[in-house]
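In the two assemblies presented below, subunit A is common to both, partnered first by subunit B and then by subunit C.
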Partner chain A sequence: MFKVFLTEKKNVTIFKKINPSAFFILYFFLSIAALISFNALVEIVLLAISFLFLLLTKVKFQYAKFFIIIGFWFGAFLWLIITFTGLYGGHTFYSFYLFGALIKISYGNLYVGFDTFLKVLSLVIFTAVFVVVLDPREIVEAFSGLRLPYNITLSLALMFRNFAIFANDYEIIVQAQKSRALDINKGNIFQRLKKLLGIIIPLVYLSLKRADDLVNALETKNYDPKSKRSSFFEYKITAKDYFIILFSVITFVIVFILNYYSLPFLNFIGVA
Partner chain B sequence: MMSIEKNKNYSLIKNIMLYGIIGTIIYSKMLKASSSPDEEKQFTKRTQTATAAVGIVTFAIAAAVTGVLDIFGVLTAIVPYVGSLYPGVAFQVIFGLWFGIYGAIGSYIGPLFAGLFEGLSFAASLVQKFGDFMQSLIPFLAFRYLNGNPALKSKRDWLLYILFAFLINNLIGGLIGVFSVWYFFHVPARIMFTIGYATWVASNWIVVLVIGIPVLKIVTPYVEKTRLYLLK
Partner chain C sequence: MKEIEIKNFWWKYAGSDTWALKGVDLTINEGEFVLISGPTGAGKTTLLRSIIGLIPYGYLGTLKGNIYVRGKNLLESSISEMSKIVGMVFEDPETQIIWNRVIDDIVFPLENLNLNKDEMVERLNYSLKLLNLEDKKYSSPYELSGGQKQRLSLATIIAKRPKIILLDEPTSQLDPVGRREVIDALIKLKKEYSSTIVIVEHNIDQLVKYVDRILLLDDGEIVLDDVPDKYFENIDIIKTHRGSIPEIVELSYYLKKNNFISKIYLNTEDLYNEIIKIRSTNTEKKIESNYSYTPSSNTDAIVAENLSVVYPNGTIALNNISLRIKQGEFVGIIGVNGSGKTTLVKTFNGLLKPTSGNLIILGKDIKKWDSEELVKKVGYVFQNPIHQISNRTVYDELAFGLRNIKMPENQINARVMSALKRFGLEHLKDKHPYTISRADQFRVVFASVIVMDPEIIIVDEPTTGQDLYQSYQIMNYLKEENQKGKTIIVITHHLRFISQFVPHTIILLYGNKIYDGATQEAFENYEIMQKSMIDPPELSKLSYMLKNDNLSYEVLNYLKYNEYLTLS
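So, the complex of A and B:
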């Protein structure tokens, strides 16, 4: 999964014209807005925006489906748990005993469960958009545009690079062990973990060796954390980037205000 | 007669000590004078380069490994965002013990970004993965300041491992992780702080025992020989 999203050639879309830092701010504020909102209508609007963004990225469905499945899975899971075990108020329209415990299904439980489902789904889709649009270099550029020290941005760049390398190594070692008849899906939890050691120990050795080589390479090139750097790729902030930042902040503020005005309705159905 | 001899001995010792100190100071000054300021600068720069490079690389490796394993862990969740089999926790402990603070920070930042893939927003991920950070930081601090050996050679090392890398860190980390899911996603507390917490802690305990101990025992002697070993 990491390999696909971090090394896949990115499509040329309208998002490519946005400065990575501005795009990160857009993602940050929209995801925070989706997280703090407890108005289902607002969540539906944010979900619609997230899907619209996903369509605009022109990503192939085979890549986007992973995120959509995760969002549905966790969202539905949370919805189910909140519906059956939540203690929110409102009219109880069904109740029953399960293992001696009284389970009440109220409007409050249903509402909060549905709201959480929408929330998780929109958060996952926003993340999908963020990951699909920006490649690792641009993600690092986004952080350095936010005036993070070079040490930190270089560390992040290496981290993203190693995500893909590590995932690749993991796949290779799993295949190698499978060809030696190691099946990690059989047995109880202890047996599975013991089998996993056959994959993990070579993986650790490989990672350490790679780390040692990387340190040598940095030292050979006389890496100096304090020196000033120039970049081959330069991203300038233009008027439309400021507009994007403004849009993100305004959306966040609107969601915050709508939350306040939703309180009487939430009181009415027994959530607040 | 005896007292005169004693006094003579004292004065002899005094003189030796005095000349020794003066000699050492002069010798060190001479040494300093013989090495040019440029050489000193270069030496300092080389040391800084080495330290910064090792720090950055160990951070990146820790972040990548724990980040990828975080995704695999969450896919096995019984309670949302609480993996029932989370191999990443063993590496959080291991990297904390090998790479020191860089490993601990890497064990925070890697899962933080992995959290975005799982549908946690940046804010929720920041809070939840702080639990992962504690799971790495507590064993590191314990082994660093109580002089433990990650190769688990003595009884004292085992005691430190059981107390700080198995019990306390997972109890604290689990509490933070479960709290974040309860707080941000409104999952009922009676589910999160009972089944959720128990799943988190129990699965972590199993992983730390079954994966953590063999990896530490087998790989630590190799890591100690490299420059990547930053615990001391």
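So, the complex of A and C:
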């Protein structure tokens, strides 16, 4: 699923009219806003924005579903962990002993767990939107526009490219080893870990070989980190891009301020 | 003008005891189209790497001698300098594609050359037009076929406007259609751009009639260097050094040796014209071709009924396929890239689950097979040996599957030792499988499947990356297993092996079954070939032409000819 999604042609959407650097700033500030917010209501608004953005990317439903499921389960897992192991205060409405330890389920734990769930889901969806909208090439332009060295931005873009190849190799190796009676889905955890070696060894070897091939390909395509290079695509910053940047910064500032006004409520439920 | 001048050039990779190139002396002139042939490990890729400067600048090793490219001494230059005048296309198109759009990939080297926008636009459009990729400008390279991907690699190189183009087995992973696309592009390049082209290739049947010179390289030394007509007069030397020989050339040589014709022909049409000149249609008695094949057993090995596989992204990989393979059959599955061949065979050993339809393997419904039991009965050799190799020694690699099915160690030892002996791997038994040659790696993986004693053996593209001699060796291994009663299913793009070894062929096209029957009947039926987008082997083309003229000739006697070919 991941490899198909990474290698597919990008859709023409409203986001394509935004300068890649401005789009990155939008992604960055909204993600940070989701991360620092303590207010569940704000998180719900940010989550709604992330869903709206995902809808606007016109991404295929199966890919959208894939990201939502990942975000949901990862978030739900953290919610569960925080609910049972968090040390936040507030009214404890249930407690029990587990392996000799007193487990307290408090309003504070429940609230922070829920807030974390919303954070994770928003972050995953914002990241999905970023990757769905921008080509690796545009990701390079986005970072270059922020004056990041080309070597670093190229490495980042190549990382995305290699994810797809890595995922493909992994899939083939798992099948190849399964055909020699090595099924990593069978056995207890230790047996499975031992079996994983049969997958990891060829995967690492192949990845190193591919890295070597990539270096050769870059060299024969005249890539020289020390030389001056031109750019075929010109991404101009227009008024709408400045508006997007402004919107991103203002959203971030509002979330920051709202955090301050949320303190009495957080205090009330025993979180702050 | 001398484009490339190599003088007494020696190269030894760091960590290796032997020289990969031994005193190579070679001159290639402007506009020449040169083919380099030779067995795997002969030093062909090393020679190309040396011309572009990847050797010595990208690899560690010891060097002697000199290389001049357009008068520039390689040792006084740099790889970035060299890659401005020399372009190189590698074997695997996937490793050369960097970006997610065709346009991005083509302009990348132009940006690296710091060209201005107008110059880039002009070169981009020129490359797209030359390689017929104009309508793919904004496509993702991953949506392209194998042939299109390799044409993109060529377009990327052409945009740089190098005077010299090097190609390292550019068609080895392509189906016959993709191969034809790349060769057509090269012919166009030579005609319109007067490029100097140096190509390394094992599968040379379609290529020989277009090249100006052929070099035979073996063990780091140039053994032969001549124009194609004269080169193939030394067929015994070529065979000794395991160089590639096109089917038509080999047949010409055989007919010339038996005094039927006076010279060796490089292409099918010329040989056909010569044959009809020397034999009159009136004096010949037509021989009816016998297309039938008789399976040795009446028991079914595999029965598929309306089998379909739909991938999660909605791609219909197999569409209502029905087929029947008897036990002890030798079956070939062919078709263009993406036709569903690998998907089909992966359902046979449970690696993929059919979306709908019935599949019976060795008399039992696929749904009722335990996956561990099934892989014991149906062995699968993957295309790239690296995907299956994960142990520290060749011995352990052969024992791997047996250990996974928990066979006692004394029985494992007996089986492995016997397989090592049979496949000539005894001397490698303590070696790390990653350090041996690709041909040996294939034998290791093949032997590791054979030791499991499966009843059905599936082999996916066994001849890719192997030279002609190794390919015949692999096909003979399969034949031996078949003679022992095993059911063999082979997928390959190299149709000469299908034509010579496989009596029963199934042709797939985009998930649909196009043909299921006798191999020669398919290859001599132009309607089937056109429908399935397959270019038949040259001998089959000749046979078809002769048959249409009511001419009989030795060429129609495939069995006799095959005997000659496979024994030689």
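In the analysis below, the second predicted complex is superposed on the first by the 254 of 272 C-alpha atoms of A that agree within 3 Å, B and C clash if a C-alpha of one lies under 4 Å from a C-alpha of the other, contacts with A are read in each partner's own complex, and residues count from 1 in each chain.
The definition used in the following text is that a contact is a pair of C-beta atoms (placed from the backbone, for glycine too) under 8 Å apart; a residue touches a chain by one contact, two chains touch by 3 or more.
Keep in mind that what you see is a predicted model, and the values were worked out from it rather than measured.
J.: Given the touch rule stated above, what does A:77 touch, subunit B (first), subunit C (second), both, or neither?
T.: Once the two structures are laid over each other on A, A:77 reaches subunit B alone.
J.: Counting only touches as set out at the top, which of subunit B and subunit C does A:90 meet: first, second, both, neither?
T.: So A:90 meets neither subunit B nor subunit C here.
J.: Under the stated touch criterion, which partner chain does A:176 make contact with: subunit B (first), subunit C (second), both, or neither?
T.: Second partner only.
J.: Looking at the overlay, does A:145 come into contact with subunit B only (first), subunit C only (second), both, or neither?
T.: neither
J.: Once chain A of both complexes is superposed, is A:197 in touch with subunit B (first), subunit C (second), both, or neither?
T.: After superposing on A, A:197 lies in contact with both subunit B and subunit C.
J.: Mind working out whether A:158 is in touch with subunit B, subunit C, both or neither, as first, second, both or neither?
T.: A:158 contacts both subunit B and subunit C.
J.: Examine A:123 and indicate which partner it touches, taking first as subunit B and second as subunit C; both and neither are also allowed.
T.: In the superposition, A:123 contacts subunit B only.
J.: Could you let me know whether more residues of subunit A are touched by subunit B or by subunit C?
T.: Tallying touched residues of subunit A, the top partner is B.
J.: Could you say whether A:112 touches subunit B, subunit C, both of them, or neither, answering first, second, both or neither?
T.: After superposing on A, A:112 lies in contact with subunit B but is clear of subunit C.
J.: Does subunit B (first) or subunit C (second) touch A:20, or do both, or does neither?
T.: In the superposed model, A:20 contacts neither subunit B nor subunit C.
J.: Of all the subunit A residues, which ones make contact with subunit B and with subunit C?
T.: 1, 158, 161, 165, 197, 201, 205, 210, 214-215, 218-219, 222-224
J.: Which of the residues in subunit A come into contact with subunit B in the complex?
T.: 1-2, 27-28, 31-32, 34-35, 67, 70-71, 74-75, 77-78, 81-82, 85-87, 112, 115-116, 119-121, 123-124, 126-127, 130-131, 151, 154-156, 158-159, 161-163, 165-167, 170, 189-190, 192-194, 196-197, 200-201, 203-205, 207-208, 210-212, 214-215, 218-219, 222-226
J.: Would you tell me which residues of subunit C are touching subunit A in their complex?
T.: Those in contact with subunit A are residues 52, 54, 57-58, 79-80, 83-84, 87-88, 90, 92, 94-96, 98-101, 104, 107-117, 120, 124, 138-140, 142-143, 156-157, 160, 312-314, 346, 349, 351, 371-372, 375-376, 379-380, 382, 384, 386-390, 400-401, 404-405, 434, 448-449, 452.
J.: So in the complex, which bits of subunit A are touching subunit C?
T.: Residues in contact with subunit C: 1, 4, 7-10, 60, 62, 135-137, 157-158, 161, 164-165, 169, 172-173, 175-183, 197-199, 201-202, 205-206, 209-210, 213-224, 227-232, 234.
J.: So in the complex, the part of subunit B that touches subunit A is made up of which residues?
T.: 45-46, 48-50, 52-61, 63-65, 67-68, 71, 77, 79-81, 85, 87, 94, 106, 109-110, 113, 116-124, 184-188, 190-191, 206-207, 210-211, 214-215, 218-219, 222-223, 226-228
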